[in-house]
Every structure is written in structure tokens, then in C-alpha cells.
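There are structures below to look over.
Both of the next two complexes hold chain A, though its partner changes from chain B to chain C.
Showing the complex of A and B:
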């Protein structure tokens, strides 16, 4: 049998726990950026100005069909070529935030499109301003259908944070790599990283599923 | 002018990398499809011994990061006496990861076939195997082709991660050229465009063609 050393596991646990905190922080920060930027992308695609909606549409498509890891390298290395030095954290947050913003913009679009046309017409006939129409009528109804997709991408961004290790963000994978090369043992650190991911992503997904049911009920949908 | 010189110097390497990426994508797609069909069908069983293992597989591979899985298969499996060559380890990891997502698509696709189809097939005294092969699966396939198109693009993007275990794919070549020339914008920019062309120029049209083909076939049978 292979040799799994429990004392080594206990020895490296504190470092991995600390790195887990940074991984969660990276995921939440990235998701925050993605949520705001994604809304901007989604609304920009709904404007009638072809000079705005067409380029944004193409940009979102481009981001969605190219690898995140390459985008991370792009953001990190292209800056210095033009004299803008970005340290790993900001570069990583920009790349991962932008990537997930394009995913979330699609989720938002789907949510907004699922609001029946009559709702828009009713808001217009009550002479609500566009802002009030969005805030009070459309967005509250767009949230329940978008919630499932948003939840999936929250778990998704968490699982993509290991890619930030390539530019030196000291999250879980990066920490596991350095532990591995310090002690010449990869079995325990890599396995533990896998287990930590499972321990966080499975319960999160379950909680999100329950929340979705609750939100639907609150909104009077099914 | 400078850009043309750059292309002349490094174009061949980038093309070789792209070919490796395409090869990886096709191999892992084949693996992912086989695994997805098997695990998806197993998940539908009512026998715990059949759906149990499939559920564990799907949850583990969907609950952790692809990058963690690649590292684990490449660095940890050898400790169990199973040493894989990096290219093999890479495509197996990507195939198994996307296979888990695909299994859920297969399961959902089969469940979406109306109950009457099952009953009609049973009424014609078809055996369960023939019912699945001739009646249920073709219709399920038609339902799940659009999400499979997205999944294949995710798969193509996923193959970029095997560059981190030094498989010389497009990502790896881009990184290598960047480290010798420092022309980050050019090299990463070209790589991004190449990935974009592969997903929108190869995968998307192929899937559209397949969807039309399947629609015709199922239409004839109905």
C-alpha cells in the first residue's frame, strides 16, 4: 500500500486552512466584480445603439470561448509591456472577474428575457420611469429564474481559483505546490486540496438549491 | 512589419501547439462522451450498487477543480504504481472531468423524454435495451445536443490547463514564446484568437450540423 502519513497531514493543516481562507476571499472578490460588471454587460447588450451592443456582445462571446488560464496570463503579462505593473492579486481578480462577468451577463440576460412582455407594457402604461421599471418590476422577477445559474457560477468561480496559482496568488493550490516541493511529498497536500474543495463546494451547492426553492416560493412562483 | 517577423519566427510553434490542442480536445471529448453515457445511464438505475458509484464519480469530479484533478492524476497516481505519460494523464483528466458534467446532461436528456414514449415502447413489447437504443436515446440525444455544444467548448478551454504539466499544447507554446521574447500582448493575443477560432469556427458549426442531422433522423423515425 502507499504510505499516507497522518503526522504530515496534521503538520500542514494550519497552512492549508489559512490558504483556504484566501481561496474563499479570492472567489468572493472575483464574484463581486463579476456580478457588477456582468450587469453592465447585460444592460449594455440591451441598448439600441449598435455601436455599444454589438462590440459588447462580441467581447462577451470572445471571453466565454477562450480559456481563463490564458486570460490570467494575458492580464498579468501584458500590463508591464505597456508600463502598467499589476501584482498577482489585482491581475487575478481582473481576469477571473471579467471571465465570470461574461458568464453572469448571460444569466442576467436569460433572467430579464424570461420576464413576460406584459410586465414591460404594464409598467409603461403606469408611466413608470425606465429606472423604476427595472428596479421595481423587472429585476425582482428576473432574479428567481437567474438564481440557479448565479449559484452554479459561484461554485464555479470557487473551483477556478486554483488557476490563480500560476501567477503566484497564494491560494490553496499554490500553497499545496510549495508544501509539496519543500517536503518532496505531493500525496497528502494534493489529496487534501481535493477534499477541501469537496467539503466546501458540495454543501454550498446544496444550500444554494434550498435557497432557490425558498426564493421561488417567496416570489409566489411555484 | 515587426508583427510579421514575429509571426514568421513563432507561427510554426503556435500551429504545432494548436494541433496538439485539437488532438487533446478530440481524445478527451471521445473519453468524456463514453463516460458520460455510461455514468448517465447508471445514475438512472434504481439499484444502489449501480447508481451509487456513478453518483460518487459525478460528485467528486464536479465538486473539485479540474486543475486539482490534473495534478492529482499526474503527480499522485504514480505513488499507487500507475504512472501515466503527461499527454495521457492530461487528456484522461480533462475527459473524466467533463464526462462528469456530461453524465448529468445524459441523465437530464433521458428524463426529458415524455413518459408516453416509454409506455408506447413497452406496449409494443420492446425489450428495455431496444427501447433505450431505438426510442428513448435518439430523442434524448436531440434534446441534449445544444448543451453538449457548450460542454465541448468548456472541454477545449479545459485542455489549456494541461500546459501546467508541460504538455506542449497551444497554451504551453504561448507561455514558452512569452518567456523568451517578452512580447506578451502579441503571443497571448494570438493564442486567444486561435482558441476563439477553434471554439467558434470548429466546434460551434460542427454542433449545429450535428443538431440538424439528428433532427432529420429523429424526424424520420417519429
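Showing the complex of A and C:
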């Protein structure tokens, strides 16, 4: 039978709760970076300048074809050889931010491509500049169709934060590992980590689906 | 690479220059010649109806004048100034994006599928470009937009999003949106083709108003022969990227010279 000890659960709960906060922070920070950088990647891939769009496209392809954990190790351990010495948090945020930016850029691209050609032509016929056209006409319409994909990656980045433990970011997984090795008990901390992830992922996905409907309605889109 | 220098006149001058001039304009998509050395003048205040079979290049004429795409050969002038070209060191070269953007201010276009911005209300659609492009104050832009929405009978729906408007209503807002930029020339590309028969009248009423009250210069591609006959000063029958025949509506509809025009018109009449 399982040797499940409730008093141990209560004992380690405060530490895990604290680590949960750091996990959420890491996910949100990483996602923030990914959202902004991803938009930059998506737009850069659409410029006419080959010197910009080609390298970006290949970089995105490269990131998408290699494991996140490798990218985390690379930024943290190989970075110093190029004079980029980063502590775990910044290194982790850069790695996970870049990784998800590459995925989000594809989501944005899909959203931008879904805006009908007539919208571009209407904007052009009104003499709106390309920047204004993107900012006022295209991107607002590209976000709602991209919303589902963006939501999936928000949950995805959250579930990938444990990978940051390998470079010593003290998020949930890292904390559970420490607790386990301090007390020689892994059942409770790991189980609790699983439950915590479940308790956050499921409602987040549901809230995002509701938010999508609301945003569409608010923008007057069907 | 040295830019090609063209020897067209850098400016059209004189008393009776046309507001729009297509001079030997050719547009190709790959090997397909869509406009074939087209010449077309439109005088100020003139309403020109463009008719012709599908694929004859009617939409393309409007798209070139709106500078949505580049022409391959020839030159277009608007109000005496080159649209497709610009002056450089005493000669003309192909226009750059900046020149095109400035020249587009002279032209307004309404599309078959309206192309309103769906995330903006009718009013917001009408003030976006005046504020962002013309640099109008928001208050002035709203005032002008409200006047125009009133003119097209859409003031009551000013705060509705396009998804809550019928096709005819959306098209009327689209007309107001174009007019808000005070273009010298308005282009209509089959603006009633996507509409249910019972709402076509709302849109043609607005166009009629523009002709009679505002004396706007217009090019209108249409399949409504009756409307073209009633409202236009001149009808151009397009065939294969060229003007096969043109003239006053009475002549084109009453006594067409070209066999192709005759065939087209009788086919259209039969279909109705």
C-alpha cells in the first residue's frame, strides 16, 4: 500500500505554495517576452527585405526543431563562452521566451494570414501607412483567430517551467526535488506538484475559452 | 541599378486637361495581358460607367487607378500629375510607395464586398483615415463622418459594428468612409453585386445623390445596365482588356456599333 503521510503534506505545503508563485511568475514573464518577441518575429518574416525575413525565418525554424531543454542549457552554460553571463532567472526567461516566441510567431502568422485581402486593400485605398494598417486594422483582427493557439501556448509554457529547474530556477519542480532529497520522500511532493499543475491548467484553459468569446463579441466580430 | 527614365510629360497642362488619364496602360499577370495599352480620359464631374463581360479587365482598371497594384507599361495621370510615376532629375521614374500613398489621397474606392473594418463601428470606420492620415482632430473627423453618415442614411447606426448591419447598410457606410477622405475621384466596383435585390435601391439612391448633388467624378463598374443608362455621362464597354466601344449611354444601349457590344447587351438582357 501507499505510505501517504498527511502531516508531511501540511509540513511542505507552505514551501510548495511559495514555489507555485514563482512558477506562475516564470510562466507569465516568459509568456510576456514570447508575446512581444513573437509578434516581432511574425512581422519581420513578412517584410520585403530578404536580409531581415530570411534569417528570422530560419532562426524560428531552428528553435522549433530543437528541444527547449537544449536551448535552456545553451543560454545558461554556453552563453558565458560568448561573454553572456546570466544568472538562472534571466537565462531561463530568455530561453523559454525565445522558444515560445517562435511558436507564437507561427500562431500570429496564421492569424494575420486569416485577415481577408480586402482589408488590406481597403486600408491601402484610404492611404493608411503600412504601420497604421498593421496596428489599427490587421493585428486587431488577427488576434481573435490566434487566441485559441495563444491560450494553448500559455498553458504550454506553464507546463514547461519545470525544465527551468535544470539550471537552478527555484520553481515548483526544483522545490519538490529539494524537499524530496532533504526528507527522502518523493511521493507527496511530486503528487502535490501534479495536483497543483492540474488545478491551474484546467481552469486557465476554460477561462481562456470564455475570454475568447467575450473578446470577439466586444470587438464586434462574430 | 539606374532607374529607367520615361519621356512622358511630367505634368499635364492646359485648360481642358482630364481629371484622370490612362495613357497606353498595360497590365499583365505573367503572360496574361489584362489591360492592353489602354487609353481612357475622364473629365472632371464626369460619371463613367464601365460594363463588359467577366474577366475583361473592369476591376483591374479601378485597381490600377487606386494604385493597389503597379502597371507594367504606360502612365496614369490624376489632376495633371503622374500617379504611377514621379519626377526625378527632370525625368519621370516609377513612383515609389511614398508618392503612391500621397496620390491615393485623390482617389476613393468602394468594393464589391464593402471591406469595412469589422472591429470598428460605422463611425470609427469613417474617422480612422481622416484622423490618422489627414491629421484631422477627432472632433472635426466625427463631425464630418456624421454628416456623411447622415447623407447616406446611416447616422442612426453610427455606433453599430458592421456585423450588425445588412449588406446594403454596410455598403452605404463604406461609401461614407471613402467620401470622408474628400477624394477627387470615386471608384465603384460592382458595389451592388453582393447585395440582395431588395436593398440594391438603397445604394443606388446614394450614388444618384452623389451624381446630382455633389457632381463628383466617378468610375463605376456595374452589371446594372438600367442604372448605368440612367446615370452615366458615358459608357465604356470593355472587352479583352481594351475599350471595345464607348459613347453616351443612349448610343451604347440604343444603337451599339460593335458586334461584341450587341452580343453582350443582348446576352445581359436575356439573363434579366
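The criterion applied here is as follows: the second predicted complex is superposed on the first by the 219 of 222 C-alpha atoms of A that agree within 3 Å, B and C clash if a C-alpha of one lies under 4 Å from a C-alpha of the other, contacts with A are read in each partner's own complex, and residues count from 1 in each chain.
Following the convention adopted for this analysis, a residue touches a chain if its C-beta (ideal position, glycine included) is under 8 Å from a C-beta of that chain, and two chains touch if they have at least 3 such contacts.
Since we're looking at a predicted model, the values are computed, not measured.
Q: Look at the residues of chain A and decide whether chain B or chain C touches more of them.
A: Result: the larger residue contact count on chain A belongs to B.
Q: Touching A:118, do we find chain B (first), chain C (second), both, or neither?
A: After superposition on chain A, A:118 lies in contact with chain C alone.
Q: Determine, under the contact definition given at the top, whether A:210 touches first (chain B), second (chain C), both, or neither.
A: Once the two structures are laid over each other on A, A:210 reaches no partner at all.
Q: Identify the partner contact of A:50: answer first if only chain B is touched, second if only chain C is, both if each is, neither if none is.
A: In the superposition, A:50 touches no partner, neither chain B nor chain C.
Q: Considering only touches as defined above, state whether A:127 meets chain B (first), chain C (second), both or neither.
A: After superposition on chain A, A:127 lies in contact with chain C alone.
Q: Could you pull out which residues of chain A sit against chain B in one structure and against chain C in the other?
A: The answer is that chain A has no such residue.
Q: Which residues of chain A touch chain C in their complex?
A: 116, 118-119, 121-122, 124-129, 132, 136-137, 140-141, 219-222
Q: Give every residue of chain B touching chain A within the complex, in rising order.
A: Touching chain A: residues 59-60, 63-69, 71-72, 75-76, 79-80, 153, 156-158, 160-161, 163-164, 171, 174-175, 178, 182-185, 188-189, 191-192, 195-196, 199-200 of chain B.
Q: Help me check something: in the complex, which residues belonging to chain A touch chain B?
A: Those residues of chain A that touch chain B are 2, 61-62, 64-71, 73-74, 77-78, 80-82, 159-163, 165-166, 173, 180, 186-187, 190-191, 193-194, 197-198, 201-202, 205.
Q: For chain C, which residues count as touching chain A in their complex?
A: 66-68, 101-102, 104-105, 107-109, 111, 113, 115-121, 128-129, 132-133, 161-164, 177-178, 181
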